[in-house]
Structure formats: structure tokens, C-alpha cells
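Below: one structure, written as C-alpha cells.
Chain lettering (A, B, C, D and E) follows the sequence in which the chains are written, and residue indices restart at 1 in each chain.
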């Protein structure tokens, strides 16, 4: 059997997913046995020009991590889609936008404002900002266009499989690679993972839930046995796809939802919101309002920490922001 | 006034009270604004926040949820769950930058055809004042983005076989 | 394979077609809505021809889904489901679309109405394609019926059922059945004696082999659903053992404690601390009023115990809880009288000789506190003039907006009794004289003939402040005689206030227990105001008599009998079909987070600790869908209202917005 | 307890006795009355007969003048009280009208948000806010033996029904019972005194006044207590002319309820405006109160 | 506002309704006569309020505005408090008074003159002025009655209950600006 071709690319992401790939440890040798790496900017040499020259569908597997924030990233997404037989949205950023997607709460203008003008660690006396086009004596230079709204990979090009997690657990990566290598694949378009949520593997004791106040992690030292949600902590476990092995609850920290929604769920934040609200122990609209306001000061950041860009609403209303400004 | 903005509003009405109130408004010929398009659910407790989000994302200018009066739910107490979810939803929508008047929870018993019609008229009026929402344009219309990608594709054209 | 959807747009004569361009809508659906194979408009879809059209299309065009755009599903969903079923299509693959009540009847302009109809049809088509075949659940009907309230309506219902051979449990709150009718003297317009026609029914009910009577008892809790309700009845402690008491009355005779009777005698007479409300009470078993009994209050006396030969007095008796299974429930809880003190300008409670209608009933009654003599509050003076004031607390938005329906006729009856018994002048102050049943108008004529005075004008105030000679010592009725257009002051000796019939104070509470709702005023809401006046929104719960709206005896009796007939229909059929709208949990996906566990007020969700999953007990589920919306993992499905179906409905209902938004929206879907 | 205070024009001159007695009892009861700076006339019933919006704007100016730190305004005159309360309610219930009123106010640099100020009649403040306990504790000279007929008139109890019963009010009755007086329970206590009809058509007006005095007389009244300058004026200043017209011989003093309250609280008569009434109250009060 | 019927031609009753807060309830009148019976001056009225409402609905503008009914209203609010359909009767009377003045009726009563004299002082000083009112209104309109008032006026004066000079507010300019603006805004109605 001849070796297959593998591409690993990163867009709007932090690079943690690449580290996680290396986390499969000695099994990386198996990968090396199976594939020639044609592009892996983080770990190996490789040129876009080379990829462009490949025939369509000649890359057997492309692991694409990161969301689409710039025109260059979109170009690469289109390119790799065309050249790859199997395109995997690899990790939370490509899957659902992840933390970079929270930038969708703001406009490009606001992001630039913070990044190039307001940041306390900044030294930019000239107030320089990146521009798509700049004229220099030698001619016109182009930087990628910075989008107002971050898109997921799936919103940009057709994706074959999704591998959730921030980052995906190394074991899950290996399982997925194994599945791909052995051709034991779920139907295209699906998430490679189990269809249940974190509570399924969480060992904490659960009873019926009634919440009088949501607490933030610094406010309580949770007891180690009881369900964290029942202790008032906003634990996203009930709504989050299993796969991580309930790592956070194991160390007494509530799940923050990096594995995204369970199968068949359209909007992760809505599921979590509905579930959390349902168990608020009050029938009085004003009290409910107070509990929510005090317990969830940043509702989008809490409910949509990883999934804003792939949610039904995708971003905040620009109008409202314009009004604010 | 012929070009006045007519909002599209999706209304989720519970089968037992508010849907029947809407029926009663009809039976009593109580004229009201035609803007609320009604979807029947068994109970306001069935209204998943994602229904509201979906309606907004698909172009509704406003969403109305209506149920039996608190304490009078056909299913004993389920509309209290509606109150809780509505509280959380409104809090979240505010963070999304949505105007307060775009989503409203109202109560109407099966006997309150007139009241429901008035509530609908008020709501339509309030949404009309806010103007169109048209949420999809918040992420859709970004010509600069498309132009930049096209430009890049053109620059790399000699090697590209990507369909435009 | 794509579904083949048939769309049928009903004109409903001109009810819909007058405001919605039905033809255009039908054409539009065929041309613009995907998967619509057939689209037609027709004069009356609910007619047999309309139904036949659907059936034929299912057979010949191979329709797999049907959308009927017509009236409210609450009216004709069953009709069209049956049509589908007849043609071999699962009835749950039909969706109705309410373009009459929600569109044509409330719209003011044709174009927006037509557009709204389109969006509702678009939604229905999108939804129906995702609907699944379902089978209704069948439940056996327990032949035993619970009747709540032993007034004339409840008695009638009880006897109809019992005579037909079905067991009935009759629960009455007061110590005796009979209701308000037992307090009346005569009944209009025939003037036959109320007791003479009522008491035979009371004893018949008591003695009937098929009737179990719990008096001095209240319905505490209802669970289950049509065909198989479980009810809990609290039988309050009478302090008298029903199995031993012979009803001899010796205890009452010797009881030393006399109490003002604020119930049966409405404050005009007395009873003892151990008492029967009235001589013909059923059951003929006394009850001890513990609040007023010397033994209970001060630990002395026990005279009744000494007097009771069979030893039936039981001071230690406790409330008894009775749990029963019944198939149907009839609520016949009646009405209460408006508190006339709420209109201070009429002086009730302040001016001695202002009486309420119920007080006057007792005053006229031969068995009442004055042995039927019409006298002033002093107990001896016969009035020389009597004013009867209509609409006290009725037709008044400050109190009750409704017309109490019986007062005009009762006022005529009172007028007749005063004229017959005293020869006083009688004045009726009315807004409109309402005598619209059989022989009522004739009775009005009779009173005109008898010389009763009628003044058209709602009384402004009743005062003892004399202003001119002739008014001293009298009650002066001040009003506008609207037919003269002049203010008048008429001095009289006695005033009768025709207080409104109001819903019982706890009607709402009882309604909630049974899952039925009340009107704004507090009357029970019937399923349909014209075509289904005895059934309610909750299957298996029926209403009869004045608890559904103020009505007189003939109407209450008719409704009692009608409710019984409806129940008999259910019992005879033996089973009822229950909508298969229930929740279910995908146990594979369930992570046992237990969020849903306390969502269900019917305890239909149980948690299996061994397998760490939650499960829906289908028999207990009522299908509200609250748990479906609560599930964070999205693994609870609500049949017939699942996320895909409602999601499709949302997409469909916003078809025009999506068309306008273009690509971006398309990507979002 | 601190209230913005709107005295109204009558209290400046014609009802000076009301003015001094209100201020005196407020001091004793610990009610701080902060008079509105530069308040204007409420327009009585006259302005509404001519121009509704201007009537409202004129009244609303007073509401707008209430300091932001205060949320309650009290007025002793029934007409002023009703006008202030009515405009606040109208603005709340009819936003269009409210908007126009504010537009007019803006011409004077003012603004009023309906609901910001709760308008209370002085009787409510004394009866409900100060309350039975505090008042009883401060009574030093009970009105024992004095037969007081509380007269409420119209505009404090109607059309808004939240101050007291609109037909059969009781708050002043209760107050006088706390003060030890014998309260006359007569049927016309909320009937009309004729209002401005005394200025327009005397036969009608005097008949209405006669009815009140007649009933008070029948119930053996020593003194009528009222809470409105107009009522006081009509029953007091016109009493002799009513006698003239109907050939009656009424001689019933009419005082402000605060005058009698002040008396019971031990305020000297001279500080309560006694002697300003036309039908002198001195003799009957001294006779009755000395007797005990 | 929801309505069960389509728009009709605008009639006089609509104007009365439009000028009265909650005036639409006038249409709910069931002609029960509670108002006419309750009115302290009802016996003196050309038409009782109930009859007036019927006339309004029947469009009999001239009959209504030339009657004395609204001028007999003393704003006791008994009718309003008792009306079983919560019709703001007193406020409708105010509306009729305004209409009558505006359209040149109201000569049957001295009430319009009193109202004008009263508001004249409010506009001028910001406070009412009883002495001025007495002289301006009574002497101009009712010289005979003014004579009879004389004795009473003297009694009042003696007890310090009449002032010879008006009281004025400080910021009369502000009040007048408000009044001017209100008149201008109200001009349309």
C-alpha cells in the first residue's frame, strides 16, 4: 500500500490542537508510516505553492484547525477543500469557532481599537493599523482582509468530519485517525465522537436540581462528591458532548463546554440556557431576573464560550454596538 | 403610509390558553394586526429558547411567546418554567445586543381574546417602532471579504483549480 | 423519497374567502412550496364533498401528507384526521392551518390577510413533511362518575347517570344536598313550591342504589386523565356517626347553644350548634359546628351525647380521606351571592330595611324565620311599600360585567309575592326587563296586570336622609326615571336588592385541580360556547349549572342532564382515545444529568440509578413538552411537536424573510 | 416623614385657618412639609372647562417643581389634590397627552415623569402615614363630648377610589374617634356642597348646602369638620343666606379638620386660626369641652 | 386600539370621544340613568347626563351645547364613580363645556364667565385672586348678586379672609411660556 498524503493546517486558532496531535506520542510513528505530510506549518516544512500544484482530491486527509477570520484563511480553506479527499474540522475552532469566535460579540473596528490602540501593553505611538492595501514606493502591498465576523470551517466550505474539543483529547485523535485509516467512518458531515454528554462519565453524585443562585468558581470551594451544578456552579457538563473524560469536574472545576453540543443539537447555548434556567428555584420573574443577572454577568461568554460563531445568531447585533458607540 | 414597515413576528402560543384566546379573538371578530404568525405548541413550557433564536436568525423582527397566566397553567405549573427560561433568554439576548422590545412573553387565558388582540397590537407597534431586524445581514453582507478572497484566488490563479 | 403533500384551502363560504384570496393562495402553494403535489381551494372543506376530495386525492394522487387550511384545529382537526384515516393515511400526517380565526376573522385588509395565510400554509407544509405516523393510545373508561356539587344541576346529572345504571359518587360541600334551590320559596314563572319539586329528587339521589353521597365533603385532589381519574375526597368530621344516627333530632332540640344561621337562613334566623341546615335536609344527619359548640370551645356540655340513644355522637371523629377511581367528572358547583355591602350607596348593612334577594327568599318561605310573613327587620311591621332594585352588582363593570340572568324574573316573582301577601305598593327599578324564556314574558304581563310599578332607571342611591315632607322615616330611592328623563325620589318601607350571581370564590382553585380554566369573571370555560357547552378543554371533565355561567333552574337542569348524557356516551363506548403526544427519552444519549427530573408535575419522569438514565413513564405523561425543552443534551423527544417539526414550521413561516435575506440565511439553515 | 407641600391659593387668604392649623399639627405630629417653591394655582375646576391641555400643563408645572429627592406631594385642598393627582394619572395612562404636557413644560425648562410623585391628600398623610398609634399618643386634650360631623365632600374620595370609600368614607370618622370625639354618622358626608355654584346660581347651590346642614342638624351636630376650603366657605360663609332663602335657622360652625385635630393635640386656639369662621365655633367648643 | 368593526365616518360623537380621556367608553352607555339619578343638580338640568349621551350619539350637537346640563355640573364625580360602565362622565361634561365656549354657546349660564375670569388671574399672576374675581366677575356679570354678596364679603374681609392685592408667583414668565406652548399645542384639537 502506498503512503497517503496528510495536510495539517491552522487558521484562527491558538496552536493547542497541534500540540494535542503530538500528544498521541509514539503513535505519531504509525501516522508517519501511513502518511506523507504535505503541509504542516507548525511542525514541518511545506509550501502553499506546492499544494496548489497538486491535483484535486490528491490529499487523503486534511486536519484543519482554526476558524476563518481573514481572507487568506478562507483561501486556504477553499484550497485545502479542493485538494483533499477527507477534510476534517479539527478542534473546537474549526468546529464551532471557539474562543476566537467570541470576537463576534464585537465589530472589526472594535477589535482593532482594542488590539492596536487600547491595549495596555501596546506601544503604537503612530496609531498604525493593518490595512488591506498599502501603497509603498515599490508598489501596492496586500494584507489579508480581516473579517468582521469569524466563520467556522463548516460555514466556509463543505466539511466531511468534525473532531470536537479544545483541544481534542489525544486519545480521541488517535481513535479518529484509526477510524480514518481503517475506513470505519460514520456518515459524512458527522461529528466523530459519542452521542451523550459529560455527565455520563462524571462520577459526581446527582440528585434533583434546584438552584437559588449561580455561583462563580472563585466564590466557593466545591465539595468533591456532589454534582457541581447542584452546588450552584455553572457546569456545562449536562449540555456538552462527552469525550474529554470529564477532566475538569475530576479536578473540582466545572465543565466549560469545549466539546460542544451533543449530536443533533442545533444551538449549544440555547440547550444550556434552557436547562440551567429550568432548574432555577423561583417562580417570580423579578427574582429569576436577579438570579440570572447576578449569576451570569457574561451570559454569552458563559453559554457560548466555544460555540458563538456556530450558534443560530452567530454574532451580536452590530446596530446595537453602533448605537453604543 | 403605504410603505410603512410591517414587522414579521413569530408567535408561539400554548394550545390551552393563548391559542384559544387567539381563536376567541377570531370568533369575536376582534380586529388586530396581522403581523404575528402563530405556531401552536402544547404549552409555553415547550418553547425552547432555540425556537426564539431560530426565528430571529431566520429573519423574524420579533418573537412573542404566550401562555396561560401564571398559576393557571393547563399543566399545573409549567409556565413557571417559561418564566425562568424567558428571564435567562432575555438576559442573554441583551448581551447579543438585541433590543428589549423584540421578544416578549405575555399571558392570555382562553377567555382573553380582547386582551390578546390588544397585546398583539401593542407588541406589533413596539416592534414597528424598532424597525427591521433582519439578523442574517449581520454576518452576510461583507463585500470586502468576498472581494479579498477573489483577489487572492486570482493572484494564485495559475496554480489554482478551485472553483470560484 | 420526497413527500407528496396535498394542500386544501377552505373558503368557509365567505368566512375565509371574504378576506383571503383562497384561489390565489392555493395556486401559490402549488407553484412555490416544495413537495406540494396537489393544491386546491373549495367552498367548504369540512363538508362531506370536501372530505371526499381529500380522500380521493390520497388514493389517486398518492398523497403522503395533507395540509388543510381552514378553521381552528380545535374545531375540525378530528374531522380531517378521520378523512385521512378513511383513505388509509395515518391521521397524524395531516396538519391544520388556522386561516379563519387567526387570519380572515381578525384581519382588516385583504392583502396582508392573504400573505399571512401563505406563511401559515408554508409553515404547515414544512412541518407536515416531518410529521410521523402515530397511533392514539386507548384507555378504558371507568364507568363510575364523580359529580361535584349537590345543587339542582348536580342532582339532575347524578340521577340521570344512576337511573341509567352507572355508579355515581356525589360530593357536596355543605351538610345537605339541595343547593340554593332548597332556600327558595316559589319558583318562577309557574310559582310552584321549590321544596315540593326539589326534595323528591334529593331523597331519590340519597336512596339510589347507584349513588354514593358524601356530604360535608370536598374534592381535594385529582390526578390521572380521562377514563381513569384518581380523586381524593376529604369528608369533614360531622362529629356524628352516619351509620348510627337515626335523624331523630333529639340532639338538636336539646342543644343549649343557639347560633345565628348565616348559611341557610342568610342571617335572618337561628340554628343550634348541632344542626341540620333545614328540616328536609339530605342526609338527615346533623353536624356539630365545632366553632360554636360549647363542648369543643369550653370543654363542657356533651348534652347531645346524652340525648343520643343510638350513641351516634362522636366528638373525636376525624376528617376522612377517601380515594376513588372514576372515569369522568362533572362539576356542578353553582354560584354565590354578590356581597351587597360593596355598593355602599344602597345602604345594605347600614339601613336595616334593605334586604338581599336571598334574605327575601327566606322571608317569603313558609319554613323560614318569619313563617313566610313579609315584615321589616323589626320582625313585625308589614311594609306598605317595597322597592325592588335590579342589577345590584350585575351589569356593572365595577363588580360583575355579566347579566345575572335570573334577577328580572325573580324580581317579578317577589313583586307577586309582596302583592299577594301584603297589598303593599311594589316598585321595580330596572335597566332592561329580560324575560326571554318560555312563559316568562307572560309572567311579566301578569305583574303589570297586578299593579306592580315599573320604573326604568338604575337606582343611584338609597338613603334615609329625608329632603322633603313625606320622606321622613322612609328609605328614599333616588334614581332617574329614564323614560321621563327626570330625577325621582320614591320613599318606601322596604328595599330588596337583587344581588348578582357570582362564581364561587374557590371556583378557580377547583378548576385548576381538574385542569379546566375559568373566564375572567371566574365561570368555568366550556369547550365551545355554542356547540359544546357542557364539555371542557380537559377530556373527561364536564360542567353543569351555574358554575358555567349564571342561569336559572330550567337551564341548570338541562345542562345537568346534558353533562350526564355526554358521560354516558363515553361509558357506553368503553374506551377513549388519547392523543399520542408524549415525551420519550433516548436512553443511549441520556447522561443522567437529572435536569429533567423535577420538570414534570405529574411525576412522569423517573431516574434509573442503576443505568444512570432518566425515563418517561408514558402513561403519566400529558405531553406538555416542558422536559423536551429542558434537556441539555437534546435527547428528549416530544412526539408530534419535536424539534425538527417545530424548527421546520419556523423556517416555513418565515419563508418570505428567507427569500428576502438570500444567501446568508440559506447558509444558516 | 417628609412631604412636598402644595398649599394652594385658598390657603393664602380665605382659608388661612386651614393653613396655620395644617402647619401647626404637622409640626406636632413630626410631619415635615416642604412647601413647593413658587407653586402656581391649580386652576380649580375652571381651567378644565376651557382648555384641557393648558389646564394640565399649568397643574403639571407644580408636579415638575417637586424636588427630585422627594416622591410624595401633599395638598390640603380637595380641588388642588384632585387636579394634581388627576394630571399625574392622565399622563401615565395617556402617553400622547403626557407627551404634549411635557412639551409645554419644556417651554418653561421643566419636565415631569408620570408616577415620579405620589400625590396624597393631607387626610391620608395624617390618618394613614402618621397613624392611630402616633396620634393617640399625642392627644392631650381629647374632644370628649363634642359631636363632630366629618364632611368629606367630593373630590378627595372621587373619582379615584383609593383614598377612601367613594360613597361612605371613614378615615376622618376614625381620626375623630381617636381624638375622643363623638362622631356623627350622617348620610350625606360625601355629598356635594355646591362647589362653584354659589358663584353662579344661588338657588341650586343653597339647596345643596341646605341638605348638608339639614342632615347635620338632624343628627345633632356640634361642629362640622371639613377638608376643603370650598366646602368650608360654602357651608360657613353662606349659612346665613341659606337661612334667609329657606327660612331655616342653622347655626352650625364649620371648621377644618386640622383645627380640631390641633385642639386635641394641645395647640393653642390662636395658633389654629379659630375665629376666622363666620359662624363662630368658640361657644359650642368651649361649652362642650369645658363640660368634661 | 383593537376594534371589532371597520372605520366609519367621523361624527360629532367621535369628536367628543377624542377630546376626553377614556372617552371611548361613552359608546358603552346602556342608558341606565345612574348618572342622572346621582347628580346633585340633576333636577335642574335640561337633559340628564344619560339623555345627553343619547343626544350625543344621535348627533344632536346643537341641542346638547345649548343646554344647561354641563353648566349645572359641579364636578362632584358621583356619576363617574357609580357609572356601571366606567364612563368618565364628569370629564365629558368638561369636554362639552369647552366645546360650548369654543363654539359660542354657553350664554345660558354665568359659568363660562366665571371660568374666564378665574383663569384670567391665573394667567396673569400664577395664583387665583378672589377679590379680583369677585369684582371682575360679579360686577360685570351679576351686579345684583354682587350687591347681596357685599355683606358677606365684608364679613370675610373683617376676618382676614379677603385680600385686596393679588399674590403673584416669582417665575410668571416661565408659567406663561408653558401656557403659551400648551395653547399652541392644543390649538389643533
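The definition used in the following text is that a contact is a pair of C-beta atoms (placed from the backbone, for glycine too) under 8 Å apart; a residue touches a chain by one contact, two chains touch by 3 or more.
From a predicted model like this one, the values you see are computed outputs, not experimental measurements.
Participant: Hopping along touching chains only, can you work out the least number of steps from chain A to chain E?
Facilitator: Shortest path length, in steps: 2.
Participant: Quickly list, by label, the chains bordering both chain D and chain E.
Facilitator: C
Participant: Where the centre means the average of the CA atoms, what chain is farthest from chain E?
Facilitator: A
Participant: Give the chain pair, either C-D or B-C, that is connected by more C-beta contacts.
Facilitator: Taking the two pairs in turn, the one with more contacts turns out to be B-C.
Participant: Which chain has its C-alpha centre farthest away from the C-alpha centre of chain B?
Facilitator: D
Participant: If you average the CA atoms of chain A and of chain B, how many Å lie between those two points?
Facilitator: About 28 Å, centre to centre.
Participant: I'd like the Å distance between the centres of chain B and chain D, where a centre is the mean of that chain's Cα atoms.
Facilitator: 52
Participant: With centres defined as the mean C-alpha position, give me the chain A-chain D separation in Å.
Facilitator: 71
Participant: Can you check how far apart chain C and chain E are, centre to centre, with Cα atoms defining each centre and the answer in Å?
Facilitator: Comparing mean C-alpha positions, chain E is 47 Å from chain C.
Participant: Of all the residues in chain A, which ones touch at least 2 other chains?
Facilitator: Touching at least two other chains: 266, 271, 274, 278, 312, 314.
Participant: Using the touch definition from the top, which residues of chain D touch two or more other chains?
Facilitator: Within chain D, residues 167 contact more than one other chain.
Participant: At which residue positions does chain E touch at least two other chains?
Facilitator: 6, 78, 82, in rising order.
Participant: Which residues, counting only chain C, touch chain B once they are in their complex?
Facilitator: The touching residues are 72-74, 98, 100-103, 105-109, 112-113, 115-116, 119-120, 123, 508, 512, 515, 517-520, 525, 529, 537-538, 581, 599, 601-602, 622-626, 628-630, 638, 641, 643, 646-647, 649-651, 653-654, 656-658, 660-665, 667-669.
Participant: Mind pulling up the chain D residues that touch chain E in the complex?
Facilitator: Its residues touching chain E are 9-10, 12-16, 38-41, 43-54, 56-58, 61, 90, 93-94, 97, 100-101, 103-110, 154-155, 158-159, 161, 166-167, 191-192, 194-197, 199-202, 204, 208, 237-238, 240-241, 275-278.
Participant: Any idea which chain B residues touch chain A in the complex?
Facilitator: Per the stated touch rule, the residues are 48-50, 53-54, 56-57, 70, 77, 80-81, 83-92, 95-99, 133, 135, 138-139, 142, 144-145, 147-149, 151-153, 156, 159-163.
Participant: Spell out the residues on chain C that touch chain A in their complex, using ranges where they run on.
Facilitator: 588-595, 597-599, 612, 626, 629-635, 643, 647, 667-668
Participant: Going by the contact rule at the top, pick out the chain A residues touching chain C in the complex.
Facilitator: 155, 195-200, 206-210, 227, 229, 237-239, 242, 261-266, 271-272, 274-275, 278-279, 312, 314
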